[in-house]
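Attaching a single structure in structure tokens format; questions to follow.
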Amino acid sequence: MDSFRSKIIPVTTILAGVVVLWYVFAVILNAPFQRDLDQRGNETPGAVEFIGKTLSQPKPTLPAPHQVAVNFFENTFLRSVTSSRSLVYNAWVTLSSTLLGFGFGTALGIVIAVGIVHVATLDRSLMPWIIASQTIPILAVAPMIIVVLAAIGITGLIPKALISTYLSFFPVAVGMVKGLRSPELMHLDLMHTYNASASQTFWKLRVPASVPFLFTSMKVAVAASLVGAIVGELPTGAVAGIGAKLLAGAYYSQTIDIWSALVAGSIVAALLVMAVGIAGRLVDRAMGGRPA
Amino acid sequence: ADKVTLQLKWVTQAQFAGYYVAKAKGFYDAEGLDVDIKPGGPDIAPEQVIAGGGADVIVDWMGGALAARDKGVGLVNIAQPFKKAGMELVCPKAGPIKTEADFKGHTLGVWFFGNEYPFYAWMNKIGLKTDGGPDGVTVLKQSFDVQPLIQKQADCISVMTYNEYGQVLDAGYKPEDLIVFNYSAMGNDLLEDGLYTLEDKLKDPAFEDKMVRFVRASMKGWKYATENTDEAAEIVVDAGGQDENHQKFMMKEVAKLIDNADGKLIPAAYERTAKALLDQKIISKEASGAYTTAITDKAIK
Amino acid sequence: MTWLKPSWQAALAFLLCLAALALGAMSKPEVAALAQPTATIAYPYMGAKGLIIGLLLIAALVSVVKLTPIVEAIVLFVGAHAAAWLLIKGIAGFEGTALAPYFLLLAAAWLLAWRCVTLLSSLRPSESAARNALRLVIPAIFGAWILIIWEAVTRGAGIPFILLPPPSAIGARIANSLPILGSDVRQTIFKAVLIGYVVGNLAGFVVAILADRVPFLRRGLLPIGNMVSALPIIGVAPIMVMWFGFDWPSKAAVVIIMTFFPVLVNTVAGLAASGHMERDLMRTYASGYWPTLLKLRLPAAMPFIFNALKINSTLALIGAIVAEFFGTPVVGMGFRISTEVGRMNIDMVWAEIAVAALAGSVFYGVVALIERAVTFWHPSVRGG
Amino acid sequence: MSEQPPAVVSASKLGLTFQTNDGPVQALSNVDLTIGKGEFVSFIGPSGCGKTTLLRVIADLERATSGTISVNGMTPEQAREKRAYGYVFQAAALFPWRTIERNVALPLEIIGLSQAEQAERIKRTLALVNLAGFEKKYPWQLSGGMQQRASIARALAFDADLLLMDEPFGALDEIVRDHLNEQLLDLWARTNKTICFVTHSIPEAVYLSTRIVVMSPRPGRVTDIIESTLPKERPLDIRETPEFLAIAARVRDGLRAGHSYDD
Amino acid sequence: MSEQPPAVVSASKLGLTFQTNDGPVQALSNVDLTIGKGEFVSFIGPSGCGKTTLLRVIADLERATSGTISVNGMTPEQAREKRAYGYVFQAAALFPWRTIERNVALPLEIIGLSQAEQAERIKRTLALVNLAGFEKKYPWQLSGGMQQRASIARALAFDADLLLMDEPFGALDEIVRDHLNEQLLDLWARTNKTICFVTHSIPEAVYLSTRIVVMSPRPGRVTDIIESTLPKERPLDIRETPEFLAIAARVRDGLRAGHSYDD
């Protein structure tokens, strides 16, 4: 908690800086349209009035922070959490498939890493194809995945979670291959002298040694998983979730909605990443980690 | 009740009000149908969904359906609720473009994903190249919104009468500030929203009967929607459509494209569509058997 | 001591062949032909069926005999691939009519190929030329079988072309669309991806160093950096188009946002990875922040940083391609993919995907090679 | 037991060459050596002469590039798989995420001892190396010598018939060292283990061993093998006897002969 | 130079307590010590008694929890920032990504020496520790003792006026050790450096030092400080003189008294 308090001042200072910059850009980016509008309406507002107008357009190019804040507040606190317009509800929809996908993805990534580290055949043959798989643009194949899964009767949470899985397993696999191979050679030699089985070496040496890599990869993976969940909401009809809000906003040019959905997504992301970070620190402490 | 899955071409909005009304008003129930309406989304191709067995019937534009048919998916038009096209190109009057003759050397926004055929057919007709050279036009792939126009990234953009045109107005443009090239008005329109199913399945009399009932109820829905536009828009919002005012606007505009709600396909429009596609080599061979009037004939007497 | 050695793949392949023999007809036309012996109905594998099964059985049998691994691998290689070739060639003209024995034989051939790969990966040749050759051959066989199975299944089961075209069609498409693919690659990879990758990685790195150097920023920037982590592309891409226009700069901006976070997180973790005694050593030299960073902490952080660079090499590609779904000039890999899906030219979509996969693999491979050179001292590279 | 104790380690013409970035390094060359059951053999030689490498070859941690070697009549690999030996590395090699007692427990977990048996052995061996009271500490909370003792405790807890110890007492003060020397001799006498012991201390080598192998550097060769004539029962003050000093002198001469310093 | 050499290290009532997961560990208690310029002070004491900790406090790697300490009349931190000392750790602490010569070059790069000067010092110090020919090897390609020597070379190349050495010769054989002892004495005599030297070897401590600090464990206290009466000029065979042996005996007694073993 102490560390929490020590963060408040820096975070708020930097946020304040971001907000100021944001206002400046809002005026700059919204000005051309406002000028056009005034021209067509034959109005010649003064500078202050003009700036005020740029910051209160209904569909601005860059919404002003207070517009986003108001929208965010309304959609978060003033709506029942079961309403499809509530950001809480939509964030929850996205979060649930994120977490499921992250779970699958982490597990799959670890399984692949274990396979690659232990089975020579996999090391040589699998990795190039996993890399290739990652270069397939998800948004292009997501609809096909959804179609195929729907054809075999899988709908709902799972298809979206699978897209999260697809995006999140790779960072974990890459990180864990490195992590599982990072024990010092002397420690491996030690296990060798005990004629420890591969699984004993794995659990007692490789896994603990890979922990820093694991949690770092998991931070990247949980973020990727959230992106996947959001992307996965589009081809499933975009009925609910942060992705659906983004899409609806984009479709009707409701930039304020887009930004407040983006803010919601970012907050969820920050919370998830911090949760992984805290888990990592707890594990480190349980492993007798030495304070820096 | 018989189950029917309908795959829409886009997200839930008044463009598909007829089906939502038919469901909400019990017209499908009355025909003994249990209809599942699946909204679409960006880059979801209804043709793929039906080929993969994910739907019994889809809403599609003729261009997309014929292209799929050319690739071996036996899509057949069984009804054509939209008689006129809603697509148009709009340009701000303050900009450089007043007539077709001004296009040369300018940037035009177009949707892709199978929505680009009417535009290319038109350019083909007036003999403009689309490669971005000085004696042709530069084409932009437009995203969902009307920003390219507001930001002046394009000189003209594509809109649907019932959707983006409204957004342009919302953005502060008045109709007199805009130059509009409407595809239907120019006689360049290609058929838009129609109902398609697979010809193999249609050979089954039971399925055919199901489709007859489906089309009958759907057109009843469309009729009701065009007569009660505000109520229809509310039904759409209840089904997940966004922004009630916008849906009401959209419903009114869509109603203008429906015309009589009999779902009958006009063969001349079909011929024009098929020819335009062949001219652009979107399809490799003459389309044949791509529509049937049998269903609408039985459905609407 | 016997002259036999067991291999479950061979045994299973053997059983599958027998099952295929027992089930009889390979395709629907053959069933029809058998039902009407008088009519002349053409059907696949009129003469080849015996040959296929024979090839597979012989390969399976030879592989359980104790031979040198090379000879065994060659026999398996030839048997499996010849059988697969005959199977695929035979179904031509009869797509979608295959019955169970077709798939059983395919599975048998695949098992033998698997056995072949296992054998090859257990080889430890002493010449480095042979080692390098194996390094290429093993993933190549693995990859070839992905394609073989894909080809055989899509054709055998008659999967609609617009759902999944067979690789042969994709290959043909690649071959006769080279100019288009070339211009798409130029637009997407050489402009958006490379620039975005470099700038994004640098940005993440610089922010990580800043956060490390200035404790105030560390406490303030990292939580905000975490928020950037999931700015979803579909939300950001339209905004970037608004800000940076339709052409590649907006795509590069999306790539920057996507690649920023992995580098940030990994650099921060890596900077904490140097040992205590080493850090104490630098303290005894009263080494300032920057020399310690340069000489100790960054080298020790490299294994982490390279993880991020590797992840980003594929992420950047996805980002640029997906960003092109949201408004572009009419060129680029993402543009092509979304447009050709709409036109039902799924073979072109897969052609672009194949090019993307190839480019991504090369990109990743280059990064991995640099990693080996830079972190040669790390146990994961030295062997372990 | 037969009259002629079977060879525990038997090497002939053993050689090992490392390939490095700037050319090959010959670490062992032409080593002939037989170690019988129950022997206590010390290896002594200048730094870098190949003592560690030889121990590693016996332990199947390194593969000889020429010559042959057998351990308990098997290849080193088979012997290792039979868990024929315990190894004390030159550095402590403790797992930083395990407490001292969990570090000692590691080999016991691997061979699958019961919890009770583990606890008993941990307690006994930690007491032996005088680390009682430090069970719950992590390695970085111990001094260098204490870490080394923890690693000795770990090897002793493993309780194999062959002990390979690479400078186990290098980081210890004289008194702890004397104490552990006595304990080790006692253990050896009681259990009839075979011990291969690398050390830099001539008195330690003479005090402990039945045989002393003197090595010389680059390439590592065995230059002398000295049989100890001391009795099996060795009180600490045996180190002042003339017999002891004579052996020590012989070792020193052997060392000096093989050494590369000319001063 | 003044008659009364100024104190290089001066500690009074120094104490240090580590907080650990299972309670505090008092590593140093009430240490009073003054080391004058040009002195050679050895620290000897049982394993875990706080020798390393004391050196680390002098080097500002650990902060004392009670008492005061000054180095060259400054706080340890200021002294460290002035690069007042070179430190040899108990373990080698070489960077695996640098060859031996680049490891030795590390401190020289940091203080910003010219390339030529660096090359000269590297060559000289590597020759001193007998590692010539191993310049291009990586640390993992060296034996334990060779790594330790590389780390000594690194500290010597740094060439500070105060040398803190934590068991630098622990992993070396007697002959190399004798050689390095001589070299170190020579260097000390020539340059008038102040040296703090931790060792477990009583003869080494007596041979090298002007003063020997005997410590006892838990909590680490200074139990005896023995002034050497040996001349500054010390040939190796001084170790057989009665004077030498007398001092050694006194150190041994001091050690034994402070030791926790009762045998």
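General observations
Labels for the chains are A, B, C, D and E, by order of writing; each one numbers its residues from 1.
Here is the rule we go by: a contact is a pair of C-beta atoms (placed from the backbone, for glycine too) under 8 Å apart; a residue touches a chain by one contact, two chains touch by 3 or more.
By chain, UniProt protein names: A, C = ABC transporter permease; D, E = ABC transporter ATP-binding protein.
Everything quoted here is computed from the prediction, not taken from an experiment.
When the partners of chain A are compared with those of chain D, no chain appears in both lists.
Note on chain placement: the centre of chain C and the centre of chain D lie 49 Å apart, centres being C-alpha means.
Note on chain placement: the centre of chain B and the centre of chain D lie 84 Å apart, centres being C-alpha means.
Centre-to-centre separation between chain C and chain E, using Cα means, comes to 56 Å. Annotation for chain D: residues 91, 138, 140 touch two or more other chains. For chain C, residues that reach two or more other chains under the stated contact definition are 163, 238, 242, 276, 325, 338, 341, 378, 382. Residue positions of chain A touching 2 or more other chains: 61, 139-140, 143-144, 147-148, 184-185, 234, 247, 250, 288, 290.
The full set of touching chain pairs reads A-B, A-C, A-D, B-C, C-E, D-E. Put simply, chain C touches chain A in their complex at residues 117-118, 121-122, 134-135, 138-139, 141-143, 146, 163-164, 216-221, 223-224, 226-236, 238-239, 242-243, 261-262, 265-266, 269, 272-273, 276, 303-304, 307-308, 310-311, 314-315, 317-318, 321-322, 325, 333-334, 337-338, 341, 349, 353, 356-361, 364-365, 378-380, 382-384.
Note for the complex: chain D touches chain A at residues 56, 59-61, 80-83, 85-87, 89, 91, 93, 95-99, 106-107, 109-111, 138, 140, 158. Interface residues of chain A, counted against chain D in their complex, comprise 184, 186-187, 189-196, 200, 204-205, 208, 211, 287-290.
Chain E meets chain D in the complex at residues 18, 20-22, 25, 44-49, 51-52, 90-91, 130, 136-138, 141-146, 149, 166-167, 170-177, 179, 200-202, 252, 255-256, 259-261, 263.
Residues 11-12, 38-45, 48-49, 52-54, 94, 143-147, 150-152, 167, 170-174, 177, 240, 242-243, 246 of chain B touch chain A in their complex.
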